[in-house]
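Quick heads-up: structures coming right below.
Consider the two complexes below, in which chain A is the common component and chain B and chain C are the respective partners.
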Partner chain A sequence: MVLKIFFPQCCNLADSGLLVGRWIPGHDSAVVLAVIHYPFIPAQVKQYIQQIQRQSGEELAVLGSWSLPKESQEGMESFLRDLSTIFPQERWLQISRKMGKMGFTCQILSRSQRAAGEEREKQSRSEEDGEEEEEKEKVVFVHYDQKKVMLSRLHPVHMEDTQTAAASELRQVFQTVARSQPLFLLDRYDDGPLRSTHWQTEGREGSILVELLKRASVPLCLLLSWPMSIWTRFCRLRIFRIFPLSVLSSKLSTCIQLSHRSEHMRSISAPGAASSHIEFTRKANTVVSVLVDVALGILLMTWLYRDEHVATLASALVPAADRVATELEQLLQWLMGAPAGLKMNRALDQVLGRFFLYHIHLWISYIHLLSPSVEQILWYGGLSAGLGLTFALSLLSDMVALLTFHIYCFYVYGARLYCMKVYGLSSLWRLFRGKKWNVLRQRVDSCSYDLDQLFIGMLLFTILLFLLPTTALYYLVFTLLRLVVVLFQGVLHLSVDFINSFPLFALGQRICQPYRLAEGVKFRVLCEEPGSALHLLMEINPLSCSAVVQTYRTPASSCYPRDSWAALVRKLFVGELVYPWRRKSSKAD
Partner chain B sequence: MSAFIVPKTRKYPVYSRVMGPDSAPGQTVPWRKVLWEPQPYPDNYVDHHFLEELRRNEGIRQYRYWAVVKEAGFVGQQMSSVAIFLTLWLYMEQGLLAPGTLLWSSLVCALLGYGLHQVLTPQTELCSHPRTHLADLQSAAIFLSFTFGFSPVLKTLTESVSTDTVYAMSAVMLLAHLVAFPYAQPSPPGSLSLNAALFASVCLASRLPGSLHTFAMLSCALLVFALWPCLLQRLRENAPGHFPGACVGVCIGGVGGLGSQSVGGALLLFLALASVTFLCPLLLVRLQRHKDNIHGPWDEAEIHEDLSRLLG
Partner chain C sequence: MEEETFSDIRGQPITLGCQRHSSFCTEFTVSSPKVSIGKVLASTCSVWLLAYLLFFFTQNTAVLSSAILVTLVGMVLHIHFVKVDHESLLVIGSLGIQVSSSYASGREITSFIEMGRIKDIVINEAVYMHQIIYHLCVLLREPAEPDAVAGVVPLFQSSKPRLGCLVKVYRSCQEILSKVP
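And then the complex of A and B:
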């Protein structure tokens, strides 16, 4: 049986006194939280401990006595032993240390022994009396840094609703120290009846910024919640449920980003403190990401509105659109000839080519119609960057989608034509072989066709087969164009999601105060003198950066590919319309 | 142990003298062809009944030469009709045959064939499957309108494909048509064979100079590949005496037509017809002699289900 005693490093050189702490239920260990020094009145000590117990909710108790005899204090042994009768415990620890020596000695007295009056010293001097080694209770001292353990959180963080013994020993140690915060409020400048030693004895630590933020957060939240409620009521208006607006608002990424940000702001401005550590970190992450976003956006704005950049951009936009249209026209002329030496069906080629050329002509007229007001549009659009860089990127993505709408149309036409052709061909191929698709059994069955069905089916099959290369080529070209646009939009969306969901606050915590996010602990041997107990130093293992990012990511709408590569290729081959990015929107839990 | 092997003339069971530990010499045990009882014989012992149950060439048919020739005539006839079609196409391509002429003659032939078909149908079948003239007219109208409507499209289909490819595809498809043709029962036309023939005809028809040519060629193809076998089947069933005459007529027509275009082709066709009609049956009948199938109780059991008892 090994008894583990978690001893705070700040108490290594404390004056003699009583040890206050907690026995960990279910494990053979004890956590020492503070040392209460002589002189004291036992009744006051008991009262104080009960008060702390009420405030913190932890079962604190007096564990034993600590003696670090200075020069003038001799003969404490019997005094210490008598103390054990005042505070009745199951087990009483007597830890002592000699100045100049590194190791502690610990004597454990059980209640039965004390009641019987005799003490059977169970020492950990193993080599003293070699013959009688009945139950040697070994003691291991684990030294810990109290401040760090108090502030740290052990990951993976469970919902802290139970104090069951099922939680591991380490978790219970961390919980005990974290919850015993009221114990550490008594410093040496207080005029109370008791003197204690813990990590905050020299004076309570605090940071002005943190205190200011804490005080200012409540009025800020109230201030924020008022416009948020107005905005929420506005968004819930019936008018937005009607068909065109609802479709538009679900497709435009600016609207989606707007809804996300309002969701975030709503969660920040909710009255009531964060109930758990994770919620607090999430809120902090959201605040930091909003601030960073707005800062970047303002940076963009200062660049945009300086030196007539808006006008330059506007004047470059219309010629760029013209250029794109000319390139497309040239592409179509090439397709209408003999592209890459392939033999196309001339008639169909001409038909499709002319159709698409007419479309481009329409589009160019539309762009030219808009050209006087492009600068105004850009100017007002740039204002949206004030809301955040993400808004500017979403607006850019929407504008790209609008400008390349004709490519999207071409893609849809080509894909539909190709899909119908492939479908018709596969069905007629089955007719060629004398088979048919059985819808009920989902399999191919033989079928005896009539003469007229065979004849007409054969004609159509021949026509479709010979026209396939032409259609396939047009489909291929337009699909490639569409995929380029989709890729560009995807990059924009990914960067928006990155800014939205990256946990900057948690990462900052990990870098500046790594002990706050603990993954586990590691032990280092401090002193291993023969004849005294083993002393270990417990150091906190911080969570790895990737685990931090994974745990604290804001579950915003993440944009990820809908299909795997194989499914995407199959869809492209058959001619189904592909929408490669899927938006997964989930509420933050 | 000593075993006596009795010569085959005797018909009584074999007795063998076994010097076993618990049997007195002179005791005999008849051998039975079972393995589930321990017998004093080795497992692979056989007696003179061995191979008595062997049957050779059970159930083979005796072919008679001329009957086979008559049936083989059908195959030759089909080859010849393909040759007739190709001849017509060659004439059209060279411009020697006007599409109008072909169309009118196809129409006349179709009407004649229809009339013959109706005449040959026995009365009983007319009553049980009443297919009215109106339905036939409707089918014909659908064919003609579709073909006429699509013929401009069909004409430009193979413009960009090289001539060699077109000829190769057509040849392969016509070969597939001949191979997959349901010679036993041509009346409901086999899908693969008819489709292959139509595909080949579309490929060939798209090479012609005008869309009316295409239309005429396709109507002719329909006649030759889809309607003619139905008539032939009717003939075979109901006027078996005239059937060989029809086959011979078609063969002569095929050879003659091809001969007017290319003598080499005609010669090739003639040789093919001769071998299919006369040589192959001869081989079939002659080689029957060498057939040597053995059957016996060791064959796999075939279950002949008699479903009529289930149908009550």
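And then the complex of A and C:
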């Protein structure tokens, strides 16, 4: 059997004393947490350990003795043996280190051995040691960096509370070190009865900024929660449930972004500390992403309002819309002739073309009516960037949707026409085969038609079939235009979602303090001196960046579910309407 | 450190280093041959020749500079992500098994499997392309059911040694694992 002793690196050169730590139940291993130096009063040590135990909830104990003799001391051996009777334990470790040697030597005394050892004569000690070497248990020293192990979090995190944690030795080691934080509060310069060595004696971790932030977070949360409660009450007003407003607020991406942001703020301003690590990291991620978002938005604002950029944008917008309209007109004229050498049904072609041309005419007059106030709209819309870049982007997406409303209309008309034709053709094709769609049973049944029905059906089928290419062409062209707009809006929505859900805090932690998020551990064999125990160095294996993003990204509710490519193509082929993702999801809800 | 030469499934020579740190801790290192200068020369020359041909027809110097960039970036990516210099297996009795592979650029990927999760180490057969090869793998234990296998972690994945090498590693691993109750 191999005994594993997890030994903190900071205690390597500590003065002699007692080892305080914990035996890990179920595994043959011990975690050393600190060294309490001589001189001490045993009763005080026991009291201190009990006090720490109450604070941390861990079963701490005195594991054994640690000796680093500065100069050769007489009578040390018997003193150490006496110690083990003062602190009764199942097993007593005697770890010692000699100056000039790298390795430690360890003796393990079990309770029965101790009893026997007292009776034995002193002279036979040397031979007895030799015998012990033979029968003694093998020992592995695993050196760990106490600070890193205490602060790190083993992933996957959600396994922490389940039964598997008990089975995993390393998890228990990590937990023990993390929980015995009260032990590390004792400072080297404290005037207590005890002096000890652990990682904090090297200097406390943490900066003044972090401490200030911790102190400031509670009043800040209170301050935030007050306007948030007013905002929530305002959102619950009944006016927003009346028909046009409710539809508008579910369709406009700015409104959706507003609701997301208010949810984020609500989660941030929630009273009480985060209960779990994941929740805390999510909160921190949200805070950081909101801050970054606002910073980017203010950058955008400074750019917009300097050098009259708004005016130039506004003056460029109306000609651009005009240009799009004229291009569309030309496209329609081309379609009304013989596009790409195709011969269309002339009458239908003309009707459709004139219909669309009239629509464009309407649209242009609308734009010109709007043009004097475009600059003002842009000016006030630009102010929304103060709330964050995401708001500016959502507003841009809404504006694009409004400005390309004609394209959307064309698309809907074309799609409806095409869809009706496809459905008519398919049902008439069934009629030819002597079948019909049974609505009640949701299946195709056979059916016998009489001659008149068949005749009318054939006539309609022929007409529809010959008119199909004309409608299909219009549908195709307008669908392509629509897809371009949808693609642009999709890119905007994706970037908004990216800013909203990207785990910036966790990633920053991963880059600056890689030990905080641990995937596991890795071992390195330290030194091999013949005769001494095996020494391993335990290092923290940081989580890979992709795993960090996957674990900690806030679940974005908006961009999923989206159509798969096959479903999209099928929809386009049949002529169903395609929306950008956000509308799709709100419909699914 | 004892070193022995074996061959991998393609017949290339590989070396198996076996370092016994203690009676229950052994480290095995399988090193693949280094990148041969001939291969590097051949690949660069082929890219450059192709680029020169394109340049000959198009008379565009951007082709040549992009060819240089492509070879450089390709080499960097190859040594950083593809070329595995050596793979090592550290077996520590009663603590666990550590698998690590280090790339030619020095990047190292390590994972440690605790002893509580290990069921056994076995030599397995696998279908690889058009042939059947042997490989060493660690069987993981299902925490709920002691008899079930939760997963398989293949070892020495990039340098695929032949059976002779695997048997040697397998024997020493079993020697250490069998001491654990």
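Keep this in mind: the second predicted complex is superposed on the first by the 531 of 589 C-alpha atoms of A that agree within 3 Å, B and C clash if a C-alpha of one lies under 4 Å from a C-alpha of the other, contacts with A are read in each partner's own complex, and residues count from 1 in each chain.
Please note the rule applied: a residue touches a chain if its C-beta (ideal position, glycine included) is under 8 Å from a C-beta of that chain, and two chains touch if they have at least 3 such contacts.
Just so we're clear, the structure is a prediction, and the values are computed from it rather than from any experiment.
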Side-by-side fit of chain B and chain C on chain A, or clash: fit
Contacts of A:L473 with chain B and chain C, given as first, second, both or neither: neither
Touching partner for A:A401 - first (chain B), second (chain C), both, neither: neither
Partner chain(s) touched by A:V310 [first = chain B, second = chain C, both, neither]: neither
Which superposed partner A:D28 touches (first chain B, second chain C, both, neither): second
Contacts of A:F455 with chain B and chain C, given as first, second, both or neither: first
Which of chain B and chain C A:R346 touches, first, second, both or neither: first
Touched partner set for A:R433, first chain B, second chain C, both or neither: first
Vertex chain A angle, Cα centres of chain C and chain B, expressed to the nearest 10 degrees: 80
First (chain B), second (chain C), both or neither touched by A:I463: first
First, second, both or neither for A:M336, with chain B first and chain C second: neither
Superposed arrangement (fit on chain A Cα atoms) - minimum chain B/chain C Cα distance in Å: 46
Residues of chain A that lie at the interface with chain B and also at the interface with chain C: none
Residues of chain B that touch chain A when the two form their complex: 139, 142-143, 146-147, 150, 153-154, 156-161, 188-192, 194-195, 198-199, 202-203, 222, 226
Footprint of chain B on chain A - complex, ascending: 343-347, 431-434, 448-449, 451-452, 454-459, 461-463, 466-467
Chain C residues touching chain A - in the complex, by the definition given at the top: 21-25, 27, 90, 92-95, 98, 100, 110-112, 114-117, 143, 181
Complex contact set, residues of chain A against chain C: 1-2, 4, 28, 138, 140, 142, 163-164, 167-170, 519-523, 525, 528, 534, 536, 541
